[in-house]
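Below are two complexes that have subunit A in common, paired first with subunit B and then with subunit C.
Then we have the complex of A and B:
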């Protein structure tokens, strides 16, 4: 065992130490402040779960996501590799560096800077237990980081190489932070190589050192390079909290909070901050946003939203110009729930008038029935859907009641999406009372917007079914049968049904009983928004049209005879631009339903004719 | 002299009011027109309408006046012959029909008219689904055929007439005004009062565009003599109740009061839509409509990309019958002048 000489305190470690101290204190202060802003429920969860295996799960997730960047890898392998090189490589260098010092000195309590500037203190000739292996690993991970750096530089100058059409622009602080970050490892590489001189540590620094020593006066260059390395670390640490790179420490904390079960659905500024600051500004959300790709609106994407909040420059216009389609939620490698965040922030701009909806206070008691069918305002605009549902339920012999427009109010989701929670609550209360007064066993709706709302915000004691689920049940229990046609169909996933409620299979299974489904380029999680979203109150018709036209092109590409969907808004929006017929699944079912031999309603009609 | 230049005739595409007026004018100028009509019957929309605004003159009568002289001169009208395309030819013009037949003509007047907006595209009004929702064109046809509508007079208490269906509506992609539906709605409101004297009639409009001679007077007559109610507001949706009656939701935008009303039947005033023919004009209309675009320069308004083809009538944009006929005459004259100028060369 050897000891590091205690008298050596090289001055160049000072910048590094100041930086380290600064960032530690700053992060501690900030995170504690945000935790203090959590609501009671959040704090309770925090206390309850900190000592459970949820913490272990969080550690696992930090490793997979923050270090290995698994999700980003799946979205974009090259970009994932680049991030992994930096994160995992750096982490390993810190870890192995620490172990190396322990192996060298036999003590765990070495001063923090020793591991960082190890090669200054220990010359290559000094051998200790597995010193060769440590040198090799340190060189290996250094090489890994440098390869990531190479890709990062490539991305900066040619983003298309990494499969991205749009990337984010850096502000001045970001640029400086990036410059320091990029400087750290080349400086370390050169400093170590020079320190190794003609002796050499391992394959990378050793070889380079030998090469440099052959023509340069390396002896005089070592200290200046350690200075550069230390200053680069200092600069990075000092600027990090004010730059986009703040996401690195925040995401780690965010993953822990998420695993401890903190509920985003509550207005919870403490948690929101962790989420917003976890955005790495990777820009993945730009390419998936149809407002950007189709309508050329480039100021409203998730990445702009998080930036605007961080810089305090969020404006109503941008906040409300969003389809709330959730494509960015699905794409974001950090897993930020952008639409929920936007919904919460929209509350700042919502005005609630107490006199609104006063007419709702006079509910008439509902008639009793087993199934309550709630067409929703949007299905009323597409009456074919409601008619088809009635036809099917009659044929199936169901005991049902359709809630007419006197007996229901809007489900409240448009209000909620616009941030007007109070107004939404009024509507919820009205509908909820009415639905419950019917003593129904199940609530069926043909509108994905209502469906999501009923499931998430109504706390109903009875099952809520989207009509695709309900019709599939009817088909599976033999209550209805369909005639399978020679019909080529493409199915379009509505945002609130697919990404919003994870209903992908039921409509497809149902359609397959009526014809043949052919795939389009945008299916399931990856489905496009139709552009008719109720969540966007700022978009103009021309932009909407661009989005819809592109969708219709994509859906029509496989040459189907029918475009099927499961949402009245999608249906109407698509139909406006489609030369191919557009139908709701209920209409498809109703059209192809096989007539049963005895139909109660036919009998009744016959009898009334005889009178 | 001009018609002896070549043995080829002059083609008229479309036998609506514009086409028929053009054929008559050509005949008067000494040409031999032949008419191509894609439908079984001649007359265009005229053959389907009942009584025409503003003077309630029978459409059949006007059609007879237009067709009579042509018959007398044994002008050939090829029905069920759709013209698909036209291109320049050494004889003047080569016309190709949908069945692939090729005809040579000296020149042509193109008067293909408009198509009515398909009211099913405005799904929220339930046309095609609710049996008590009709279009203005349905009403004309029913009245022309039987003089009545299929509703029992004793049952009908309230009738709704919705203006601007498929016009001035960004959502269906038609931003322009169809011009004739306001006055047609006034006319049909009066006709409804005549058929159902005890019923109330409500016209829901965005704003009333009553530009023609006698239109404003007819509107006043509808209010004063026939007690027709005019309400400003766009109807958001229609629903059918168990008895098949129509429940309607709107807002009176003059008073700001939301309205709900049950109606026995509803008439949708459908607008006009055009169709583009690339061989006539490549230009797009500024309003984004598909009507055939023409040089809007006062003096050359019948011209097309082909020098010996003139365009006329409602295929250029919404128009009344009188306007379509006058435009047909103007096109015939423009073609005549062109042929003379060519002959003099």
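Then we have the complex of A and C:
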């Protein structure tokens, strides 16, 4: 076969060029539009951090997550390999293809289609610097993609092989895009094999070419196959912005914005778009959602949410039917913060924002103390927690005051979770003034819901401690001592404390001083939600019960004598379905606390006084 | 403030069937069927975080809403802090927070 000069313009490159032009212009337009929608703070961050180390970190993350798919590997090695084949394989083909053209022509400014259809222009006989190595690498990565394609096809028909019980159903555009995507590489493979004819480029296309040339008129077949390849690329590029594959370019941009420190917590439509369109609808979030696995509710998962936003069909019923437990956040390979997104979108259906809470206008000043203890609304439903805390703090000799139910307001998190941001702000303002009026040095709460709220939304000048942290501090400084019992316990991580506030070790360390901890199947980040979550305003009692029963089964599996948790809501919800005793960590500590013995010298003094 | 020991004389309330409007209540029953389970025990009011300061009475609001006196309670619903204690304690498993949300939705619509 003879070499065709690279400045010629074969007609079959036209569809590819149109597709490439379309997608470049479209993405540029869309991304610029979204960046324009960022608020002032976002734009400032954007400008400040673009030329810092953070950009390098972002590049590293893009490489690890968008190309190698580390998080997916952790979920399931085959699934991770499949995605890596597509992302990393394709990236390498583009990169090495470009280098190959540069090595061949000695110029960087070759036309863009030359690298894509390189084997049309350069025959296998023609040798240039390291041409053998380039041919080999191109074949190697093509084989990698084809192996991924094989797994992808397997996943379509048997998703369980790749570790997924439930997967997403594609809409029509997705199916067309998928068809084009699946066509691209087999078409390229055949076109290159045929182009190589009986000469052969490297092990894959070369051998196949020789085989095909032995019984087919390959000379006439080359151009039609380049046409198929080019049209497949065209179809994929044109449909990409309207399909799930939009995640490919968006995720990269999203990783950069995330690393530049743009604040998601603000209602930031520009950034939100990047996050929503980064969703690849892979469906990993479905399998971890207890509403799906236990209660059979299949319309509210993270993938449904992002799909509904993109198609403009988000409905209140589905949006509010979410436990906000954060299990999908942990599972998401892209790292989308779904709960935060839902919280912001719930603002569209906020009905309590105009509440004035006029009855809160006259706060009673708090009593002065070093530590203020805020039991929270839910702890007052379980008075044992508050009583235990009082007992412990008295034993430890702490200067403390309990903020009673009549004095304080709700922390505001239920309002915030339901999208009533302004109403939450009013409750925050009231409680904040009230807490600060006590001149305390430390705020302790036994409710993870309040705790997360205090830490993230109150901007308090004093440290905020969950009672698990506080009790551990007391134990470590020797203010309290516990007697270790022969007691087998399983600990349940509350959502807002574990995934929400990353407090995993403190409650465990504390419990280990009172007994023996045995692990369950769902620990730490992987912990289940109890079902009593305040995030969900729509779930009915029957569905809630199913979720709780499953959790209780799992927690009871290692045969513990006690189920310990660190949240009044979890405690009460679990206790309703458990035959094993359920206690809060404060109660466990209070029950096993060692009575302080009278110091010897005090004893002598006392005896001398008696004489 | 004089102590009433938790007891006081209720204001007299006229129940005039000609003035009642059941449309809101019917919609509420459609949207949150669990309200039908309510036995009016008052656990919700008894645990309400807003109640001690504001006199907010969920049971009363709900009873009158169901009876067809919806319009009179817009101001009352402003007191709810949405903390969810009422839903937690309800012995009948009524999703009371959603009822509050829906009552507001229906009145404002």
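In the analysis below, the second predicted complex is superposed on the first by the 586 of 611 C-alpha atoms of A that agree within 3 Å, B and C clash if a C-alpha of one lies under 4 Å from a C-alpha of the other, contacts with A are read in each partner's own complex, and residues count from 1 in each chain.
Here is the rule we go by: a contact is a pair of C-beta atoms (placed from the backbone, for glycine too) under 8 Å apart; a residue touches a chain by one contact, two chains touch by 3 or more.
Values in this document were obtained by computation on a predicted structure and should not be read as measured data.
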| item | value |
| --- | --- |
| Joint occupancy of subunit A by subunit B and subunit C, clash or fit | clash |
| First, second, both or neither for A:284, with subunit B first and subunit C second | neither |
| Touched partner set for A:420, first subunit B, second subunit C, both or neither | second |
| Which of subunit B and subunit C A:575 touches, first, second, both or neither | first |
| Touch count on subunit A, higher of subunit B and subunit C | C |
| Which of subunit B and subunit C A:351 touches, first, second, both or neither | second |
| Which superposed partner A:387 touches (first subunit B, second subunit C, both, neither) | first |
| Touching partner for A:534 - first (subunit B), second (subunit C), both, neither | second |
| Contacts of A:410 with subunit B and subunit C, given as first, second, both or neither | second |
| Residues of subunit A at both interfaces, subunit B in one complex, subunit C in the other | 381, 405, 541, 572 |
| Of all residues in subunit A, those that touch subunit B in their complex | 380-384, 387, 404-405, 541, 545, 572, 575-576 |
| Subunit A-touching residues of subunit C, taken from the complex the two chains share | 34, 47, 49-50, 52-54, 78-85, 88-89, 93, 95, 97-98, 101, 104-105, 108 |
| For the subunit B and subunit A complex, residues of the former touching the latter | 121, 123-124, 126, 129-130, 170-173, 237-240, 247, 249 |
| Residues of subunit A defined as touching subunit C within the complex | 320, 351-352, 354-357, 359-360, 377-378, 381, 405-406, 409-410, 412, 414-415, 418, 420, 423, 427, 532, 534, 537-541, 569, 572 |
